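The structure is given below, and queries will be raised subsequently.
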Amino acid sequence: MIVIMKSEATKAQIKSVIERVKKEGLEVHLSEGKEQTIIGLVGDTRKMQDVAFTSYDGVENAVRISLTYKLTSREFHPENTVVDVDGVKIGDGSMTMMAGPCSIESLDQIRECARIAKAGGATILRGGAFKPRTSPYAFQGLEEEGLKYIRQAADEFDMKVITEVMDEAHIDMIAEYSDILQIGARNMQNFKLLQAVGKTGKPIGLKRGISGTIDEWLNAAEYIAAQGNFNVLFIERGIRTYETATRNTLDLSAVPLIKKLSHFPIIVDPSHGVGIWDLVPPMARAGVAAGADGLIVEIHPDPVNAWSDGPQSLNEKTYMRMMEEVHIMEKAMKEINALGESNS
Amino acid sequence: MIVIMKSEATKAQIKSVIERVKKEGLEVHLSEGKEQTIIGLVGDTRKMQDVAFTSYDGVENAVRISLTYKLTSREFHPENTVVDVDGVKIGDGSMTMMAGPCSIESLDQIRECARIAKAGGATILRGGAFKPRTSPYAFQGLEEEGLKYIRQAADEFDMKVITEVMDEAHIDMIAEYSDILQIGARNMQNFKLLQAVGKTGKPIGLKRGISGTIDEWLNAAEYIAAQGNFNVLFIERGIRTYETATRNTLDLSAVPLIKKLSHFPIIVDPSHGVGIWDLVPPMARAGVAAGADGLIVEIHPDPVNAWSDGPQSLNEKTYMRMMEEVHIMEKAMKEINALGESNS
Amino acid sequence: MIVIMKSEATKAQIKSVIERVKKEGLEVHLSEGKEQTIIGLVGDTRKMQDVAFTSYDGVENAVRISLTYKLTSREFHPENTVVDVDGVKIGDGSMTMMAGPCSIESLDQIRECARIAKAGGATILRGGAFKPRTSPYAFQGLEEEGLKYIRQAADEFDMKVITEVMDEAHIDMIAEYSDILQIGARNMQNFKLLQAVGKTGKPIGLKRGISGTIDEWLNAAEYIAAQGNFNVLFIERGIRTYETATRNTLDLSAVPLIKKLSHFPIIVDPSHGVGIWDLVPPMARAGVAAGADGLIVEIHPDPVNAWSDGPQSLNEKTYMRMMEEVHIMEKAMKEINALGESNS
Amino acid sequence: MIVIMKSEATKAQIKSVIERVKKEGLEVHLSEGKEQTIIGLVGDTRKMQDVAFTSYDGVENAVRISLTYKLTSREFHPENTVVDVDGVKIGDGSMTMMAGPCSIESLDQIRECARIAKAGGATILRGGAFKPRTSPYAFQGLEEEGLKYIRQAADEFDMKVITEVMDEAHIDMIAEYSDILQIGARNMQNFKLLQAVGKTGKPIGLKRGISGTIDEWLNAAEYIAAQGNFNVLFIERGIRTYETATRNTLDLSAVPLIKKLSHFPIIVDPSHGVGIWDLVPPMARAGVAAGADGLIVEIHPDPVNAWSDGPQSLNEKTYMRMMEEVHIMEKAMKEINALGESNS
């Protein structure tokens, strides 16, 4: 952290900042220029995050230069973390495919989804039993009944399950049925929920918040990691911008950026990212090309009759075609990775 | 809801949309133009929200024209709702002032804040005992100890209390100490929490989400109202935009817009809205002028030593000065309201 | 400017940054901490803006701490600048009112607008003769014919004229008819146009760009001021955000922020800010309360038949009512300003 | 266009809307439901864009359902347009590579850039001679001298030239040296400039505005096409969002969306899109995978000494490596395109 004094700052004002820093047990490095004095803080500045340096008289600005997260950072853990979902490895250089409906609607529907998903190469089945809905009058999910259906369908097709947890009170129940607990975009900064799922030790799929910054997302992961849970999967699902032609703006630059700043795998969700089914395949391809460790997409045997998210769901034919494309992209990425690490 | 067919849509495609609508028990009005056929849905279209009309072949677009919320709407309840906080009335045409620190730090600190707040004219004391923090290593609040302090301080100065609830598990405890339960911006769409606080029947201060739309905010209120709780207070606290010169962008147009669309009162929080203490007074004035039912501001006896949000906290002197200005604005608004309702 | 080295930076890497700085004739202040070395630049760092310090090996980050604009800054010119528009003074503590239609449609229409505008207290008549339109097929303005009409109407009612310049080629022509040259939001960073209008010496109404930051806006003003033209009026007209319930998001915090950072006056345009006529009066009041030096609003004798911007135009009755409210607000602000400058 | 009446709208109010529509020579289709009357407009509704239906009494909302652009639309011209840049074909299914420095600094520098660009496979050389800069004190380009250098360098390496035009007054001069005229992000809605470059008939590289919507971008292209110039290249260069970890947010969903809505080619600019050199290669790969017709990237022989945009410029080694990756991606896309058009 650096505190920049105004050009007209008095010696007393400078002294008062320095005293505050020293009170917290840190040291300072003073840079007295002709125009401005700069005070650099030395030591564990994490505890200084909340100090209102800009409210001190004579202070121009205060700049945070160290990270507020640690366990999540690539600096702390230089190697990639491989998350093991009961045998399915995510982040080991392979591409993990997750597919399934937005909502679990019936046993038949989720079994049919599982069949299609598996046929295309997916190893993890998605599907919501508890649905966060803008309106209280919209369908809110089949709850435990839905969990039973998705577990049965996944087992039948030898797949793993990812499903969303919206409420601390449901964690134990959902953990019984699901291999990965998903934290939805609206809950990225529901810190109590993050701590609670962290404690389960289970793999956590952490969606980026609707307007979550990269820095906030990394800190959200830190809430989980701080519970001793290093099975975090980042899921990029698009951010809210001024553009309304797509449901969200899929921020694929998050992929290389997260891989640079953190050791946890990152998955791309093109379905929520764009919200329009025929844009999903090109964005899925782009996600692979950007370096994602996996994809999560919405499929439905009959999108026009889906109970939710129909407009962004792929039917069997379009999903199978997309998967052909994705597999070609995977091969290309293998070739690229084999070029070696000369990119510096 | 209106479904707009493509100009090249076939009769069979049109029929298939109509059949779907009728299956749900609604009727249609068909507009067959030279260029386009338009299908209007008649009946309770709330249940059609999730239908993926845009995934039907031949459909150009589907436009929602009815509201997804009801109890919250001005249409449903044309008169202003006055929320009674244990005798303090909000929304009755007077201006309600809420002030206090970001975090409760000690009994002395919150008592000193209460003294200042009251001296300036506030009737409700704010202060956080459970703090949502981006980093898990930042100060998270004094928890129940803090609640005891704020209750004691409020009682001493004959004030009411507003404090944040982050977790269903704490609702009972917090409800024992606090008159208003606040839902923070990060939890605006934590639907389980909304339902749970709704059930208490207590006044709920519902902050707008960090990137919450007006429509989502109204629907969030509907989650509370649907529990039979009509004591909702909207709190505008700024939204996330591209601009970084202020902490958030305070959206004061939300004030007249919410008052037009809903019957619940709206409070403005200029402190979080701008994040810089010397911009708080002008934005407080502007909030009153825009027609807010109240203000909530952060004050601290010694902002540079505040444990959190120091840069946006007013000290005693600046708060007292701001309140002089706010009172002049209140008088002006009374004069304006007395002009009568000729504005149409 | 400050360059922050990575903790693992080598001495050679540090040296290479220092050499670059010295090459440009600046000095450095070195802060060697246990964790990080910080290099402060001393001298006129404006010329270092473009140096890619972050591309140097061993550099963590580079932080700009000095302003890139000068003549526009409050630091350079501590007193408020009063812009004299042929006798109408803007920024002298009074409120300047500008009103008129979006587009000039006919002599009759603009005369009728002038009559109404003047009756409500406006001294400056707005109206577009050259209209920037999203679609090439939309009405683009009456051009010089329109300029003649607005001049004639303004003269008849003893008003001044503000109208938009979109093109360098039209500056001389427009300057002949108009007292203030307006730069529209889409042209805030049309730097050649800024320089060209700067050279005229005329008052310039500089709208904030559709997504212009405060910093970019101040720099845009600097392009004008650098031509020796100190007659700049900032016009806040709302920014583009994710919210679609209003046309733009009127950022009233820009008012106190611009007044803190610059000496030029600032005008608020609530019509474009919200885009819905019945939200204009409350936002006009809020603009005055935030400390604006003036307002600019769209009026039309018959909004439903306006050729453009009808939905946000006030008719005679609603405008007159709004002006009553604005005058009450003005009085309140006078009272507030008379409290004296104790707010620190 | 559809006009939706309020449920309480009177017959007279409905009639008044219908009369207005008929006055413009259009017909209406009336849908009288139990809850709401809906008025559909039939005919060329482009001329109705500006009608303030929402200002009519009794109107709930007005929804535009037809496009405001025509020549640019895929509907108007179902086949892909191939832009021929003096023999280099863009949009014919191949990938066109453009590379070069941000600013032309000297003949030596641009020749060295041309050598590197060509070696990696680029056929078009980029480089700015007129630079739009936020601050008037930043380097503004070598102007005509720079144009001579880039032409000479391109000719030496048998490349074509793309460079930015900021000012109508320079069009003729720049057109003499450059094969493609680029419209920068800040000028996407500088309509006079769009019309003027349109008239040259030359290929136009139209960058997306800093906060340009897809719809506005398509309309900006329409300004060019309306001049009879069908040589338009869309260039996606990132949009402004709340995220500050990258310079902009590269919106790759624009690629399939533009290809769906328009027949003109689209190029991706990952350099401005992310602003950080080591994120450029993954985003370049992703751009190819999303289906772009080409890439434009910034390179510099010595990024740390670049006069502008150094942080996002690739040096020779990183550019050559990126191009190996891009070529692998191209092959993969060929394989994908060969799968045939079964994706529906």
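A few notes on this one:
By written order: A, B, C and D. Residues from 1 in each chain.
The rule is simple: a contact is a pair of C-beta atoms (placed from the backbone, for glycine too) under 8 Å apart; a residue touches a chain by one contact, two chains touch by 3 or more.
For reference, the UniProt names are A, B, C, D = Phospho-2-dehydro-3-deoxyheptonate aldolase.
Bear in mind the structure is a predicted one, so any value in this text is a computation, not a measurement.
Farthest chain from chain B, judged by C-alpha centroids: D. Centres computed as Cα averages put chain A at a distance of 38 Å from chain C.
As a whole-number value, the distance joining the C-alpha centres of chain B and chain C reads 30 Å. Counting partners per residue, chain B has 211, 215, 240-242, 244 as the residues that reach two or more other chains. Taken chain by chain, the contacts link every pair, so each chain touches all the others. Taken together, the chain B residues at the contact with chain D in this complex read 2, 4, 27, 29-36, 38, 40, 42-43, 60-61, 63, 65-66, 211, 240-242, 244. Every residue of chain B that touches chain A in the complex is listed here, in rising order: 20, 46-47, 49-56, 68-69, 132-139, 166-169, 186-187, 189-192, 195, 209-211, 215-216, 219, 222-223, 226, 240, 276-277, 303-311, 313. The touching residues of chain B, counted against chain C in their complex, run 211, 213-215, 239, 241-246, 249-253, 255-257, 260, 273-274, 278-279, 281-283, 285-291, 317-318, 321-322, 324-325, 328-329, 331-332, 335-336, 339, 342-344.
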